[in-house]
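Two complexes follow with chain A in common, the first pairing it with chain B and the second with chain C.
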Partner chain A sequence: MTSDTIMIPFYQALTEDVNALAAPQDSLQELRRSALQRFSATGLPTLKTEAWRFTNIQRFLKEYPYELTSTPATTTAAVANEASIPGLDAYRIVLVNGHLQADLSSIPEGKGIRIGAMSASTDAPGFAKWFNQHAQVNGEPLADLNTALFGDGLFIELQANVSIDKPIHLVHVYTSDRHAFIQPRHLWVLQRGAAATVIESTVHPKQEAVAFSNSVTEVVVADNAELWHYNVQQGAENFRQVNTTAAQQERDSRYHHFNITLPNTPFTRNNLSVVLHGSNTETNLKGIYLATGNQHVDNYTFMNHLVPNCNSNEHYKGVLLDNANAVFTGRIHVHQEAQKTNAFQQNNNILIGDKATINSQPQLEIYADDVKCSHGFTAGQFSDDALFYLRARAIGEEAAKALLVNAFTHDVTDEIAVPALQDYIQGQIEAIMNN
Partner chain B sequence: MNSNEIIDDIANKEYEFGFTTDIEMDIAPPGLNEDIIRFISAKKNEPEWLLEWRLKGFQAFKKLKFPTWQHFDLPEMDLQALSYYAAPKKKKQLNSLDEVDPELLATFEKLGIPLNEQKALTGVAVDAVFDSVSVATTFKGKLKEMGVIFCSFGEAVQEYPDLVKKYLGTVVPHSDNIFAALNSAVFSDGSFVYIPKGVRCPMELSTYFRINAQNTGQFERTLIVADDNSYVSYLEGCTAPMRDENQLHAAVVEIVALENAEVKYSTVQNWYPGDKDGKGGIYNFVTKRGICKGANSKISWTQVETGSAITWKYPSVILQGDYSEGEFYSVAVVRNRQIADTGTKIHHIGKGTKSRIISKGISAGHGDNSYRGLVSVGPRAENARNFTQCDSLLIGNQCGSHTFPYIESRNKSAMIEHEATTSKIGEDQIFYLNARGIDTEKAVALIVNGYVKEVLNQLPMEFAVEAQKLLSITLEGSVG
Partner chain C sequence: MLTIKNLHAEVEGKKILKGINLEIPKGEIHAIMGPNGSGKSSLASVLAGRDNYTVTEGEVWFNGKNLLEMSPEDRAREGVFLAFQYPVEIPGVSNINFLKTAVNEVRTYKGLPPLEAKEFLKLTKEKQQLVDFNTNLMNRSLNEGFSGGEKKRNEIFQLAMLNPSLAILDETDSGLDIDALRIVSNGVNKLRDAEKSFVVITHYQRLLEYIVPDFVHVLYNGRIIKTGTKELALELEEKGYDWLKEAEHQKESV
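Right, the complex of A and B next:
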């Protein structure tokens, strides 16, 4: 993968002549070209695109004259340390704009473990088999754009029955001296019986330039494998993001995805899709979005039940302060063959800010009869009784509200299986509420 | 009979109310253009402003496109091949039921809606709309005493033009959607109801629609206005004869509730659903919307949808007045190749507004049932409250059941709850009832009856019976 910078204002190039964005020259040329063609045929989503009804991505792309860059950048240990989670014992891997920075990373090694830059992993068997195979990547405009133009990312492949002794802490650093539109691309493959925990954090060095990340992560969890995947989105004013995570699960596998969106990033869109190819699987999709200011947070999730006897559980909790605007879409599709499916989904919201808004679309699409599926949605505010109870016990209003928000998000934070991370997230929520 | 046989039996059951009536028709040539609209308007002796309004609707229709967001393939429709006016030839002015065409009366009799009996026994005033033109209206005198206006739309245009002009198109504008625009341009007749201030309408008002002549879409327009402190319950029930060619039904219903007024609108719909391969059947594309204009007003929609090849409608309520209330209760049953894409839209605009949505879907055979709903809370709607429950029951593994709710809240004090479940009838429930000597068929009927009870309870007595009869066809032996 070569490095180059395209000096055309990005949005203009996207709308005028998409082919001007010549894809990087590498062995994936053919794949990139067809993705670019698909993208130019569909174009950027508009408010008329059903999946983007409440999120005007064009507005956010037009905000700054972004440049398309895949130039490797580097960062310092001090910057990477900003993402450290107290008490967390993990392998830290630092990616700067998607490019692996080896000197700051401790990469787990051993038999059957292959972890490295995507650009150095195109020969891996897992890469050939799984790269860009997910239907939710092929055809989704922003994911297609990523396929066409991606720079680099992290490749993980664990052979059968290999597990990593400690979590991997993946630190994404986004830095650029010009407004940049960055396309990181990751592929994680867990072969039969493998197990891993990946914690993603983001760091944004203080700078004038704004980074817009359009990342794609493909996840494969093979037979009886298990992946715990935490995505902690610590925001920054100079950051915007579209994250596409496309997972597929084989027989008896477990995939646990946690998506925690914290304040400051003005625009966040998370596309999360899980497709079930093997039966007896377990899928947990948990999310918290705690938004302040004029933040716009859009979570789009898609559970695709193709086969029988699978269980999925989805629970997203939102706390919206100030003028924050949140969107939640939860699609559950149960195909005709997928009998004995249990699919549950819940989306709860507390609106605290006077101008806070929530748009929610929980959707069930069911073609099998022997299933149990449900979804629930609530929007409300603090219960006066609960507040009064706490205040009667000499807890100040702010502290009482922080306590209640912590209790509200507890359903999700309680499920975090890494104690240090759990403490950290709870601490962050409390700190934000006390501010 | 084992459960599969029962399911097959029910899934293949022929439409019971399929028959046609021969009545001389006065039919306009097929096609849709300004001349036809002028012809309809002239035929009905309408004032100039109404013709203008129809033409505006036609202009809007020409600009609008067929929607693509629905969860089914919209069949191709040649709207130019339809004839837009059909009326039974008027023989003379009718004064009593005896003068009504006996064949028409016989048709109603077959449907179990004998006008005479209803008049005598149930105290329901019936405005029978037979292919667009109202032929018999009963209890008019009694209603007139109280100041209630209940007449055909055409009559209202002649006799109460000011009222019609004031409210027509205020809830469903002429350019609302392509089918509403089409209706505005060519609507044939319908019903008009006005309840004056402080009047509680003493009886249930009802109309029965039948689609009869081949190639005639029916385009009714209903306008209900409830003035301050009034109350009315309005019933609409439908059955249609068997036809091979698809028929379009694009009606518009507008309801205006002023201060403290309450309007209850109930529908039982059992139009021809097509045969077991999905051939024929009615397209029921109706725009129904009510507005709670005044404070403390209330509009309640109840619907039982068992017929039509495609049912596509979203009875909606705009809660504009403070503390106004909207309700939507629905049972939708699909089997064979039937499609239902139905639900409601509730717009909370005024403060303290409340809404409640209960939707029960039942899918059998190859049926496809979707609930699509919108609950939106505007920034001014302080303390708005919504509760939504939509449940689906699946019978057989070839059917589909979907829910697409949209929830939009722009006010932090709003409390919104939504829950949806999908499941089949539990084998343990059947077993429990079997163990108590209740056979499977009855057990299923019992369970499903319990399942939809919340909605049927909302129907007026006369309708509840009819609705239960309609449902039982699908209910028997529905063991999944």
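Right, the complex of A and C next:
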């Protein structure tokens, strides 16, 4: 362990006295302890860690004296309403630092639907079977840290063939009067033939203190089930985040994940991994990162094809202004058994800021011989011809750029299946560009 | 309406326009012809404000305002319209959104409220018919996958929607078959009125059979070397440009 690591405030507490930590006293003590031991053995990632080559997380952890906390907090309706998406008809569920706030939430009910706090769901069948079962959670330092010390989060289990009639709008509020390291943990299980749409938003009340979130979401999409999962990261200056989403798909299932990162969170790392356990699946991983100022946005994605006849399609588009810095990693592993795999990946970027940078790395490991896999990367600037054409039609320079950025991101936004959300995202992109 | 005085411009250090003088009064159609590389399209680009051209000398006045001091968007808002020789394809920007934005930018500039959705649709329908523009193309991405003729028709449709006082048509006829040419020309003729002026840049006399100009100017080597009426175009069609070029070179050597 380097001396650098020791300077991170709560890290010292971790290594000195494991038992004195703020982990909730729940039925998961065994799991928590072994996760903590793994974390202590590996330590935090450094620039020498392959998956973190372009992101120095320790620098961001050292910025403020974060305190590990899992103390529940509450918020007001006015704050939660900041996440409202005009025209969206959805069940809103509000989590404050990961803790469910029931009085601001409308939780869908019905036969075969179980939705509630993780802390109240450890007896659910889906919990026992799936919690912490994803390979990419077990062994990843930050995910292990989360397992060891997570506070609470949202549990969803839909029994076979149950579908929810409206999207769930999951509003994460991060608030603290002291610099806090917050670790929410979620598990969503869609049993055979179940279907749901989850839209995640974040709200950051104005405050001096900075919140650093290290969240883990485990997703299970069983046979022939379908999940539309939108993560809208509208950040704030007083927020930092590591988001780990680990999905597993069984046969004939569909998982559509959208990750949309907008200003102004200075540090964002999204770990997204999907492991395919059953054949004939469809996976769409779509992303937009629109970053300004000194934002650092790192998307690490991992498509793990274990079995034959699966299709994955990944498309991330970046728009980088000012000094923004982005990293994209697209790891695709096609195992020897996974014949007839279709795995496609695209990462396109517009660099607008003079000092904006992108580091993009496809990592394809293909051990099957009858597959179709491709990857592509582009980085460019606005087309002068297109810009002039729009300006010659009376459209001001800023508005023209906003139109062009929306045009650039349209092949991702067009795929958003909730019209109100699609309008909202396009409107946000336009508003950011017009500023 | 438009006064060009001794206009010199260059691109990447190369002199392209070498002293253009031109006066275009309200309601007139002026054709600009000339051989390849004479500076016709450059003149159009300079008037519209493309920034890779540097104006080194001269003035351009448009309705009493100094055009060269304005951004491209302000020129358009003041009523200058350039129909592009090569309209740009912009995937992801729908034709209809683009038009709505453009029309409302002009209205805002003039202190008018933006058009209501209903009014906008009405205007669109009316102008679409005027220039025979296919409704199916409206919801497509701007010019994406349009045929050459469709792109040119879209330019004329935009012209109709924005209703400028000065329209510069930059080789709108090039690459069009006779049917498309007729449709485009009809559109222009329907838009003609006493308040509107046109600068029609063309390589071919053929267009001028459909859009009949008041004056024809010949541009050569960055200067207007001859001005005449529509008969001049016929003469050029018959004799080519060589006789004019020779006369010009003789003048230079004297």
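Going forward, the second predicted complex is superposed on the first by the 412 of 435 C-alpha atoms of A that agree within 3 Å, B and C clash if a C-alpha of one lies under 4 Å from a C-alpha of the other, contacts with A are read in each partner's own complex, and residues count from 1 in each chain.
Simple rule for what comes next: contacts are C-beta pairs under 8 Å (C-beta built on N, C-alpha and C of every residue); 3 or more make two chains touch, one makes a residue touch a chain.
All values derive from a computational prediction rather than experimental measurement.
Looking at the shared chain after the overlay, A:P263 reaches neither chain B nor chain C. In the superposed model, A:E397 makes contact with chain C only, not with chain B. Touch counts on chain A: comparing chain C and chain B, the chain ahead is B.
After overlaying the two complexes on the shared chain, residue contacts for A:Y367 are found with chain B alone; chain C is out of touch. When the shared chain is aligned, no partner comes close enough to touch A:G126: not chain B, not chain C. Remark: chain C residues 48-52, 71-73, 75-77, 81-82, 84, 87-88, 90-93, 97-98, 101-102, 105-106, 109, 141, 158, 162 touch chain A in the complex. Note for the complex: chain A touches chain C at residues 383-386, 388-397, 399-400, 403-404, 406-411. By the touch criterion stated above, chain B contacts chain A in their complex at residues 69, 379, 392, 394-424, 480. Residues 50, 336, 339, 349, 351-381 of chain A touch chain B in their complex.
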